[in-house]
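Just dropping this structure here.
Chain nomenclature is as follows: A, B, C, D, E and F, assigned in order of appearance, with residue numbering initiated at 1 for each chain independently.
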Amino acid sequence: MNQGGLAEGVGADPARTSFSMLRDVKEFQAAINAPERCVVPVIAAVAGHVLGLGIDIIAACDVRYAADDAQFSIMEVNVGIAADIGTLAHLPKITGNHSLLRELAYTAAPFSAADAAQLGLVSRVVPGGATAVTSAALALARTIAGKSPVAVAGTKRVLLHARDHTVAENLEYVAVWNAAMLHTESLAASRARRAPQFKPLRTPAKL
Amino acid sequence: MNQGGLAEGVGADPARTSFSMLRDVKEFQAAINAPERCVVPVIAAVAGHVLGLGIDIIAACDVRYAADDAQFSIMEVNVGIAADIGTLAHLPKITGNHSLLRELAYTAAPFSAADAAQLGLVSRVVPGGATAVTSAALALARTIAGKSPVAVAGTKRVLLHARDHTVAENLEYVAVWNAAMLHTESLAASRARRAPQFKPLRTPAKL
Amino acid sequence: MNQGGLAEGVGADPARTSFSMLRDVKEFQAAINAPERCVVPVIAAVAGHVLGLGIDIIAACDVRYAADDAQFSIMEVNVGIAADIGTLAHLPKITGNHSLLRELAYTAAPFSAADAAQLGLVSRVVPGGATAVTSAALALARTIAGKSPVAVAGTKRVLLHARDHTVAENLEYVAVWNAAMLHTESLAASRARRAPQFKPLRTPAKL
Amino acid sequence: MNQGGLAEGVGADPARTSFSMLRDVKEFQAAINAPERCVVPVIAAVAGHVLGLGIDIIAACDVRYAADDAQFSIMEVNVGIAADIGTLAHLPKITGNHSLLRELAYTAAPFSAADAAQLGLVSRVVPGGATAVTSAALALARTIAGKSPVAVAGTKRVLLHARDHTVAENLEYVAVWNAAMLHTESLAASRARRAPQFKPLRTPAKL
Amino acid sequence: MNQGGLAEGVGADPARTSFSMLRDVKEFQAAINAPERCVVPVIAAVAGHVLGLGIDIIAACDVRYAADDAQFSIMEVNVGIAADIGTLAHLPKITGNHSLLRELAYTAAPFSAADAAQLGLVSRVVPGGATAVTSAALALARTIAGKSPVAVAGTKRVLLHARDHTVAENLEYVAVWNAAMLHTESLAASRARRAPQFKPLRTPAKL
Amino acid sequence: MNQGGLAEGVGADPARTSFSMLRDVKEFQAAINAPERCVVPVIAAVAGHVLGLGIDIIAACDVRYAADDAQFSIMEVNVGIAADIGTLAHLPKITGNHSLLRELAYTAAPFSAADAAQLGLVSRVVPGGATAVTSAALALARTIAGKSPVAVAGTKRVLLHARDHTVAENLEYVAVWNAAMLHTESLAASRARRAPQFKPLRTPAKL
């Protein structure tokens, strides 16, 4: 993360080093938060150790499944910094117990899959380790892939908007969204009393 | 939802159809979100199937009780659209596990009263079906009705404000609110060492 | 809370009384929300009754532990007002079940430590009363005190910012924060392969 | 504005009177701010005295033309209150000199059409009194009426959104808006190399 | 501004120096922005040089008058920093030409009272130097002092809120404000057909 | 702008066409708003016709100079759409007369350099056409290039933040910014009583 600082050269004034660091952190954040920009939902299936950057990565995903042996830690305080790649930005909004969240962030204490479920960080704890949790995540992915891609992509975008805006703002946003997106194959098929047939969206992964 | 589109006539350009749809969705949202504008708290007691619009309706209420046989589904992706009447606007703010919420919204999967409790969507799962959950909701309503209506209505309004504003903004808002609303019968009765006597608020249901 | 009103004198017009009340409430809020302005985390360990102002106080803390005998009540509606010192501002953001929160706020109903855990208000219910919960809180405090104070103080500030801003705004904020705060003793020690030695921050308690 | 207070009856506690006042002010605001909800632009042409509520009304319009003899005053401090129907909400956002705005709001001083132009409140000062300014406004209205109603209504809605949101939020909003609204008669006519023919929007005046 | 850094001692790690700087800047900001927290309006009358911190100070005032010989400069870039005590926070919101504002902020170029008027920074350019501008400001202050203090203080607070919130949020805020503040001496006097008699507000200067 | 729609193929359902359009507009916006992401200030010098996209482009720049023969038009309503690449997002925030702005946006009327100055869109009208305005812009660029690049880049970033946030939020942001950026060559040179020597920032153009 401090290559940028080095780019300014030894003896650069500290402001320039800070400026380079800022650029590097922003670039790093953009990379790790790619799942959020992805048009379709991204499911994280974790097993074993999920530490530091691991938390940043799953925090930017839509759904999180954990194997029952998963072990988590928001460990950045152990290296002397505040977590800056997404953990502290996302977790207060997507979980349901700030007391537990702050405790974990201030102590870097390890926590189990069951703790993660209590925190509201994962929606499912899957017995059977990495294989089982991967299976469960793939099954979920297959279910989602069978739905209208326009409806799923719209639901994702509207939920992300809702996270960051008031209820009134989101109602306005979704009304405009659906003014554009209501004519779908689903509705056409439903009117024609036939099964809908979905082609993949011919858009790049991100929006 | 597409009557508005028809109002523009067959062959209207798609922009006009979209414009009419927008108006219709806004009107529909306003109707379904009436519980939020209601001055007094609104309690939803649900049993059996709570699907699509059912979720939109309960999301706009203050308190949600579910019979243990209740079955829920955010089913709009099944008809090819993003839920646009309130579900996606409200649920990220009033529940505590975004991973579970998104999973349910992307799959339209049915979920039980127990799942709804885990999500943080309902505050009580009542054994005994529709009759029992209605009883429980009415008992809660009676308790609330015994409190100072000015205090209850103020608490509702301040909580709705808190949901959509920062802590600092809400502290300012409630301070101004109470500068107007502190002289109540409750305080007068308390000073006079008598039981307070509450008359109903002579205001319309909404504010 | 109405001394300010009195300061304007008997017979002052009601607007002036309201103005004085506003000033008094703002001052009271500032006092009770001091834990939030404190540079280091503040842990609330509660036992017995936590009523009204007690809830305001713990809501402004970072972490909340409850003895298993703790009994809570958001009791302001019983005195005819909306809670105005922090409870209604903080709780919708730090807990995970608005249905339960509103129910408790509208009824002033007592709730147990277990209910508080279900609400997401406390992160730990400690068996053994006041002594045990104090011990647990002190142990947590000692763990936090062993970490880099710059990292812990930064984590607190960034989490408070995240609570009140969008994910994108918080990512920008933490990137700038760490541009300033990345050169710490922790990193220096890690590079020198020695144990870090933390001195206390020579700053006042609040920022 | 205090009929609502009376509705509660003589001797009602002050909190109830305040509650009724709040309802009345909100209703009054909704009426006076109707021009903002109107789908098409609303032009205010003023001559003579524009005082108090007059300012509230023109503040909610899209465009303001003043006869050169127009005389303005934000006169609410003279009746002992802060202007509460729109003046203080709108003017800081639609004008360009807060120093002048606050001076006028604190003193209730009369100001001329030329002052209003300096403040940024009106876009045109028309010599010739009421007749001339009405002519000018009607000419402007005719020009606007000759444009695509979908484009004009969309431009209004997007500008109102821009006033209240960040640049990034508005760019997202207008992108979704145009995803719905890009297929217009204008584009069709342009491709067919013919003059566009606009029918009125078959929507009610407000959205 | 770097005393705080020194407080950490020579050889403190840079993060601690940054932390101390942050505290110092926040304290400095709080001092210089006192005019904004002042209950009554604050008028800045300037003559001669208004440089750097001078701009920060007047930016936090309500009204700005300039002698025709006043000379301004946002000069912080000349000392290698971004202005951090209020200039960059306030000026984009209270003036009406961002192109000119940014030009002045990037170049530290001196600008005249006439330029300040074009920018929308001052509401009046007074010929006659310091004496004349002070007279004009005092005359304005006397006019304001003759108005209802509750109405003037309320107008100030509502305008500050409007600067930082949407139109809808401010309409709600002022409605609640006036629910508390409508019963004033002004209204009582008006009903009794007598001249209102205002006593000073018995509140401290800040709110 | 409708290539994206074509990418979905003839006969694609309208929702997919809308989805592609959305992606295309977002991409187009990102390209045209590049000046805002550029680390150093960008100056627009315009002469002749500045129409539609021309306004979008200059709106994203920091400073705007116009030749006295420049002619502007927000002409999107003439092609049946709301301007969606930046004009409507930026102009309400960077100019000082919404009445004039909306009038121009609803009519697509041409406006002169003098009108643009009255609107607050340009900071300087330069007599002498394209050559003269280019000279003036280059002179301004040279002046800015002589200043501390860290200070200028910081000033830009803080001003952009101020445009989109409250005063309190920007004061916090700039305090953290300067905690990172205060140690500059400017300060070092000033302490050493020598002229500062600025090297270019070794960062890419955007941040």
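The definition used in the following text is that a contact is a pair of C-beta atoms (placed from the backbone, for glycine too) under 8 Å apart; a residue touches a chain by one contact, two chains touch by 3 or more.
The shown structure was predicted, so the numbers you read here are calculated from the model rather than taken from an experiment.
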Via touching chains, subunit E connects to subunit F in a minimum step count of 1
Note: among C-E, A-F or D-E, over half of the E-F contact pairs reappear in D-E
Comparing D-E with C-F, the busier interface by C-beta pairs is D-E
For the pair subunit A and subunit B, the C-alpha centroid-to-centroid distance in angstrom is 27
Taking each chain's centre as the mean of its CA atoms, subunit C sits from subunit D at a distance in Å of 42
Going by residue number, subunit E touches two or more other chains at 14-15, 18-19, 22, 26, 80, 93, 95-97, 120, 150, 163, 165, 168, 176-177, 179-182, 184-185
Listed in rising order, subunit A residues that touch subunit F in their complex are 4, 7-9, 13-16, 18-20, 22-23, 26, 150, 153, 180-185, 188, 201-204, 207
Within their complex, subunit C touches subunit F through residues 161, 165, 169, 173, 176-177, 179-181
Counting only contacts in the complex, subunit C reaches subunit B at residues 1-2, 18-19, 21-22, 25-26, 29, 33, 36, 76-84, 86, 88-93, 95-103, 105-109, 120, 163-165
Touching subunit E in the complex, subunit F uses residues 41, 62-64, 93-97, 120-124, 140, 143-144, 147-148, 150-152, 154-159, 162-163, 166-168, 170-172, 174-182, 184-187, 190, 196
